[in-house]
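Okay, so here's the structure we're looking at.
The letters A, B, C and D name the chains in turn, as written, and every chain counts its residues from 1.
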Amino acid sequence: MKPTAILLLHCPDKQGIISEVTKFITDNKGNIVYLDQYVDREDGMFFMRIEWELENFLIPRDKIDDFITTLYAQRYGMEFNLYFNDEKPRMAIFVSKMSHCLYDLLARYKAGEWNVDIPCIVSNHEDLRYVADQFDIPYYVWSIKKDHSNVDEVEKAEMELLEKEKVTSIVLARYMQIITDNMIKAYPNKIINIHHSFLPAFKGAKPYHQAWERGVKIIGATSHYVTADLDAGPIIEQDVARITHKDTPESLVLKGKDLEKIVLSRAVTKHIERKILTYHNKTVIFS
Amino acid sequence: MKPTAILLLHCPDKQGIISEVTKFITDNKGNIVYLDQYVDREDGMFFMRIEWELENFLIPRDKIDDFITTLYAQRYGMEFNLYFNDEKPRMAIFVSKMSHCLYDLLARYKAGEWNVDIPCIVSNHEDLRYVADQFDIPYYVWSIKKDHSNVDEVEKAEMELLEKEKVTSIVLARYMQIITDNMIKAYPNKIINIHHSFLPAFKGAKPYHQAWERGVKIIGATSHYVTADLDAGPIIEQDVARITHKDTPESLVLKGKDLEKIVLSRAVTKHIERKILTYHNKTVIFS
Amino acid sequence: MKPTAILLLHCPDKQGIISEVTKFITDNKGNIVYLDQYVDREDGMFFMRIEWELENFLIPRDKIDDFITTLYAQRYGMEFNLYFNDEKPRMAIFVSKMSHCLYDLLARYKAGEWNVDIPCIVSNHEDLRYVADQFDIPYYVWSIKKDHSNVDEVEKAEMELLEKEKVTSIVLARYMQIITDNMIKAYPNKIINIHHSFLPAFKGAKPYHQAWERGVKIIGATSHYVTADLDAGPIIEQDVARITHKDTPESLVLKGKDLEKIVLSRAVTKHIERKILTYHNKTVIFS
Amino acid sequence: MKPTAILLLHCPDKQGIISEVTKFITDNKGNIVYLDQYVDREDGMFFMRIEWELENFLIPRDKIDDFITTLYAQRYGMEFNLYFNDEKPRMAIFVSKMSHCLYDLLARYKAGEWNVDIPCIVSNHEDLRYVADQFDIPYYVWSIKKDHSNVDEVEKAEMELLEKEKVTSIVLARYMQIITDNMIKAYPNKIINIHHSFLPAFKGAKPYHQAWERGVKIIGATSHYVTADLDAGPIIEQDVARITHKDTPESLVLKGKDLEKIVLSRAVTKHIERKILTYHNKTVIFS
């Protein structure tokens, strides 16, 4: 894997942006290995993901951000993020009692599918410690009291852990607790949740029971970034499965598990690959 | 096509129902060509569809209903419907301005795919008269005033037409008007609507715009029986299509058209084949 | 609809192509309304579709081809096609006896979904003349003898018609005759077929029966450009439907019809929109 | 979980079979908790799965087989299998080097989703021993020489293990070795394989490369029972995923992994639940 820089940007659409940015990179001997762009003609916004090899690139990697800021960001009203493929995201996983998403994430991690580090697993229950042990990953438990009286305290402890472990993203793998606003602010568009319904249908608790009550013929799962508004953040990925009148709430839960883990893992893959741009509570997903 | 009787029934589940009903048919020389049953163990309800050839059946067809009522319905607390495959449903189609569902229905009708008669098309606009003309089907227009002041009058005229034409089912093929309660009462579980969203998400007006606003990654269409509660009747069929951030409200409308017509036609097929049982605002769909 | 130019090109990948081409357009006051590109890193090939408004474009439309040839084509080893959105494709439809694809195509055409002209329908049977009549499109029949002795004669007549009608593309809407090599040569990557299987499985005759024999759990349909090699041309679009052991060859044929018409129409849409590039017997489909 | 008996049967279709069998069970105080049946009208064959609680059943469980044989099997030309839900299948897993299917199977097993025992994992490579160790399951390795000269010896050792462990079914979780005819004969319709293509397309080696070469727009995975004929046994389950021209053979392998593990696990679920009947190289899958 050769070192590359990855630039994700958006700005008001103007003639010549692609041409300028690609010229800047090629003039400085950067070999472009990925370019995808998209114009939202409704909003007049331009979105781009571009990746180039750093090997012969004339600008040192710690100056690239400055150059882009100076040359383009102000001029074009551009917002951008710069990543390097050899700086792995550090991802914490939050779980409660169900193991299917956790196993799916860890199996991919262990198989080397993902360019990521997973330094810790956090839970509000002891139940899944054995899974963390199987994969030799530290497991931390902070129980939240029924009256929620210790939420601030728990949040403080969790935030300290995340800071200590230099965590850059959080995956909620069927974590059944509300995330506090402080944590959401600390990780904007960096907390990925899996909701076990086809959002916006069946928000909140027990979506499979809601689906069964309504008599739908298809169930779904939705992965999204967490915002202050419950189950209403930018959607990253969704998928569905066909059901029939023969299904019970219990069989929906079972069928849903497969949806949840695959949808969550697809979203995490895109996140790790730096292929998601968020804008106006929606996502642009580069291919 | 040999003449058959089709019995759709449901009742509280009890030992021996299948055995009794099948014995009754075979003892009377009926050749069973279809049997499917389902037990809802949650509610303790039994559902069955059974179809048999009338050729050597010992009970005359106009007495079968009586026999079933006397022998089983009271004893088992059974509700049932009896149909004969040579008595075609007579289906009215209601449309507004979009032609895609109408063409899809009529193309199947003309190709002889369905055991049905379509004696009339009803609309609140002149727009699709040319389609009705292409297929030589009478087209009736009753405009509804913006202030809805003539709704009763229009309903009366429509009901007279439906009665005159001996209509037994109604298909709303993107008909953009509320159906009145009287009509719903006259056609219980016999009015099939297509809603252009994955219900219960995006009820009501402009669902594709709602979907685009929310940034979903999958859109859907839902066919259901019309009840007094808007977009909340028993769901017959749903399907979905994957979309991306590149889609606009306009492209969703286009992609949605294919979903709508296929989902509606699948629902109509099941309805015509007498394969739908409704119960507790849900459907049992026999295969 | 403002007039636009559409450029589809491919060439060996080199630094700076996008930048040069977009600069060329913007420098000449062309407003780019679409740009999508793709690099096949395996083969080192670059593919692009770019569309721009002609309104203020400084180069007259009849000189654009020259300019591109001179400035880029030779230098980059580029192959390209230039289209104008106000020059509609003229599409002939070939049919045999089944109406579902034909109705689906004509319903879209009549509803104005497609920027296309359909000057004629060609068949080897009289069966579907009534459909052509419903839509007021000339219908031509040339029967092919069982011994194929009149194939050359038929081909000659058909080619004359196509030439007279200035046909630029052909859609085989379940046309059950082999297309001759001469016609394929005259319309390279311009004849779209629908095959009623998930190619490359079940090539040739009676694919639904083959699928039923094999006991597959999913059936498919495939739309592809016709080449001299039967059912082996570049695939444009495929889709599938789930089936069960309860399906018969007859029910597969029915279910398949919906697949066939939707898959064919999606392929035709992409073709009309000039969003398909073929290369090495594969397609690049722009979004 | 109350003890139940599960009867899977098929025989030439005759009037009254359901009625007789259900009467037999209910007369003997068996409470039927599941009944599904299917008639193949092409072949005139009847298929049924029926399950009933043993609690008050008058016939002792070790006599049920006799009774069915005597009362029905001979009279109706019936073939049947009788299972008890408290007699768990004992399943061996065979693997080579890829972990995704193995992890998926073991995660379900560990979570208690399946009524099964997994006494051993067999491989031709050491690579996945760490996974077996994580789940505390014995891992056996028999390497097969390139010239296949030790195949008989390996088979003998494996068969001894399977016998010792009372294995009743085998799951090939991406096991990249041919299964010998002796083993197939010893486990008829009890060896489940996952093939990484949409069979019958792309049999044999490197199906993702074949799919990429052909330029298909959809890839698939197929789970089937192993027979002497390579990749041609009765298909249990298939699923597909949409791909584009942007995919490479490598990205197909990655996308395919998710398909493979889900399709294999669905097949294994049906197998464990005794919901699969095989007939004429096809499967009847009860819901």
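Criterion: a contact is a pair of C-beta atoms (placed from the backbone, for glycine too) under 8 Å apart; a residue touches a chain by one contact, two chains touch by 3 or more.
This is a predicted model, so every value here is computed, not measured.
In the contact between chain B and chain D, the residue numbers used by both copies make up over half of all numbers at that interface. Farthest chain from chain A (centres taken as the mean of C-alpha atoms): B. Our note on geometry: chain A versus chain D, Cα centroid distance of 36 Å, whole angstroms. Computed from the mean C-alpha positions, the centre of chain C lies at a distance of 42 Å from the centre of chain D.
Residue positions 41, 244, 246 of chain B each touch two or more of the other chains. Because contacts link each chain to all the remaining chains, their graph is best described as complete.
The touching residues of chain A, when paired with chain C in their complex, are 15-16, 18-19, 22-23, 26, 31-33, 35, 37, 39, 41, 242. Touching chain A in their complex are the following residues of chain D: 98-100, 103-104, 107-108, 110-111, 113, 134-135, 244, 246, 254, 258, 262, 265, 287. Chain A contributes residues 38, 40-42, 198-202, 214-218, 220, 234-240, 244-246, 248, 281-285 to its touches with chain B in the complex.
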